[in-house]
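The two complexes that follow have chain A in common; it is paired with chain B in the first and with chain C in the second.
Right, the complex of A and B next:
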């Protein structure tokens, strides 16, 4: 009786170790998805924030904006989905920071998963859960404003996924670089504010002050918002914005992976 | 040592905690700057025909949001003392009566909040052209009074939230209420009638109205005259929330 579980465990570990890298990455990603959905309050408050921003703030303020050719309510609706996905993608950083503080990371490192798959899995998990979380909001916006072209919707979702992937990398970079909990909180909040507010997600670039309009086109949130809007409203593909998004993903996934790997192997876990 | 001499010492401890990482204060100012010079400046260009400059109309909101963030940071510190650092036993050994300790912690949070928003309040006073007038003191009074209520609320949340998720969730819900269901971005009359009572009872509504009344600019639908009426109205919920925070702090201090 007593030897069975041991044998079972041994077999199970061998089986895990023999699984393909892709399978291990997906396993890690699915763990992150389930972690987010085990904390329903975070989902509820962010969903509530989206609904209030869209149906209270955007609705009321669009009544004060009288600019010919600009439907601000529609403009803000698409942008708020993009800003929300950026916001939820940042949450992975909080999880990674907490894991390190509470010692869960030590446990995770004992799992029979190579470091590379572990890190890619975390980044993918952050992006996957952000996109799963945002899809209902995207559907609300698509339904209310009548975005029905399947190809346009797919392009917009691709832009959202790329943004989520890149922001996840950025969040991981900050989580493993900042040591103090308070400092981490405010740095991440500032970063979130800077990339969202200094972008074309929530307002058109032509109305930004000059000093903001200089860097707003280069915000990753702008890349995603422009791509989503061009495909949903204009039925065209904004290739430069899409290229910018891919570059953002490559840079920050690379940075995030490098910092995370360094912390795991050479930092306090070395 | 008398209680009156102990209160400043407790406040000083809280202020020292704030300045233990001056970087945080700088980041809070950066948040304010983004809110004001990016978001408010852009909406100022988008919203026209309101009878006055919309940027100036919403500008004090950026400062009050920073005050709100700083006030919640005090509550977060109280939460960390209880659940992460396990400092409750130590704090109870201090030679100070619990009600005095509790109220001093609330006051400490207010002082921290006023310090964190000090440069922001100066910027708003400059924009409102009241920088070199006695009204600048009223501006700090408004920030302090508003912070009093929010610190009280955040300490009350800290007493009842055993997990950080619960704390963050309740904080986010309150921040949503204060930001979007108040007169921060638009007049109370713009809201549907069923939301009007919620907006009118929001401390942010009265704090921002008091600020707007300090300005020599006459904003549409903002009652003219001094800010005293709005300040008096703001004092009600602020004192009530401060009392709630004090009671909850005493309650949570019991081992």
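Right, the complex of A and C next:
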């Protein structure tokens, strides 16, 4: 007779499973990533839309804009990958808000996963999803402008990932702190507008209205766009911008989420 | 062992659960019986660490649900009243993912358990169907199956057979009993008398957030005086007053619901002619008479003053 529990014949109860935190984080993250692969046509259509936007709109604009020492088309191409990743990263907040409304969040909260791991997993999943989603666009840009330096590509990807991770943290924080659906939509839309449009992703500071140029240098999207461009085009490391990105991630996964834990632990309905 | 101690939950100005105390023993099947809005779901969600009690405490195997939620979550599995399944996933995927999150079973074992449950619940042929395409009953079975495959130490089923057809109800009941036989403590919230009676060893009657009684179904019936119930239907009961019948010492209680009169008594067969006589002299016309043993339904009525529909 075997002393281990028999599982096939349905005659024994499952032992309490204590799983490693990393394992649980990865499982949570994969859940969000897998959504993407269930609807692959979204990736394809988005990549097509991106190509059209880039080669029609940006090409036309770049004919109108002449800045000495700047290839605006290239500037715009890299920047739009960064802007795309920021806006995709916001989606996780909508997902979680919807889960809360449908009650799936209640279910997830009964699973044996500590709240901290839950949030890190969701933010990570949202970020991985955004990266995977933009990879085709990144490849197109890299191919057209001949970015082949492995180290600069890695640096650019790191910047993109940090941006995505911070934005998902921010989006999740908003998702759980705003209770009304209408207000949630407005807050997220404004936030998205503020961080992505009010940044140097698509236009250099000199082209911005004065009031935007005041805060654009401090947008995390600017940090990521500047880091990506400097490493891909200039082969240099924009350390202050990278540091800014890390700070952004830490602030929203740490501070924002800490406030969020308390809220969740009490039950999202008070 | 699970202990609710003077547990309460307020939503705004509403006491969804109030001063609720009960101890649930290891390995028992407890039925939480109460009408809609009684507070059953709120009780289960507090125990499952989703809601936080606003007063009192709940401990699960010694772990306080507020202070040690992570330990509690490892012990409990809840099958929700309204299925909580990702619409984009198939039944198979929902169950497999649930096992990934709650157990350390390897891939083959997960597969075996899921297959076994899906087959037993007659869902195997539609295992690849996305759950948002499923009927309410199928989705409900997938929800129940989550906990049936998980086999947690404490298994909670919130109205497990609502919207299920009769064969499916019997299947689910059988599997819930099996789960208990394997060693799980089982809590079943229900508003259906037959479910409480057939499934539970102990029934806790909940009404308006409060625990009204908790005994075995047999004991509960014993607490209703007399042991027999006479159900009379009058053509017009508006003039009827219970004191017209309580003068007989064998009659312990009389309840009126529109034209239906419930008389709790003993020696019903001997008393019946006298009762009929009394009512006729008062000018009531009796449409039907039924004499029966006390049922859980009658218990519920005497404790809460209302009927479960």
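Here, the second predicted complex is superposed on the first by the 232 of 270 C-alpha atoms of A that agree within 3 Å, B and C clash if a C-alpha of one lies under 4 Å from a C-alpha of the other, contacts with A are read in each partner's own complex, and residues count from 1 in each chain.
What we mean here is this: contacts are C-beta pairs under 8 Å (C-beta built on N, C-alpha and C of every residue); 3 or more make two chains touch, one makes a residue touch a chain.
Please read all numbers here as calculations on a predicted model, not as lab measurements.
Of the two partner chains, chain C is the only one that A:24 touches; chain B does not reach it. Touch criterion met: A:60 reaches chain B, while chain C stays clear of it.
Judged by the touch definition given at the top, the superposed model places A:35 against chain C, while chain B stays out of reach. By the touch criterion defined above, A:239 reaches neither chain B nor chain C. Within the superposed three-chain model, A:106 lies in touch with chain C and out of touch with chain B [touch as defined at top].
Residue contacts after overlaying the shared chain place A:214 against neither chain B nor chain C.
In the superposition on chain A, A:151 contacts neither chain B nor chain C. Taken together, the chain C residues at the contact with chain A in this complex read 11, 45, 48-52, 66, 69-70, 73-78, 80, 82, 84-86, 88, 97, 100-105, 109, 112-113, 116, 150-153, 178, 182-184. Listed in rising order, the residues of chain A touching chain C in the complex are 7-8, 10-19, 24, 27, 31, 35, 38, 102-104, 106-107, 109-114, 265-267, 269-270. Of all the residues in chain A, the ones that touch chain B in their complex are 39, 41-42, 44-46, 48-49, 52-53, 56-57, 60-61, 63-67, 72, 98, 180-183, 185-187, 189-190, 193-194, 197-198, 202-203, 207-209, 211-212. Across the complex, chain A is touched by residues 21, 23-24, 27-28, 30-31, 34-35, 37-39, 41-43, 45-50, 54, 73, 76, 80, 164-166, 168-169, 172-173, 176, 180-181, 185-186, 190-191, 195 of chain B.
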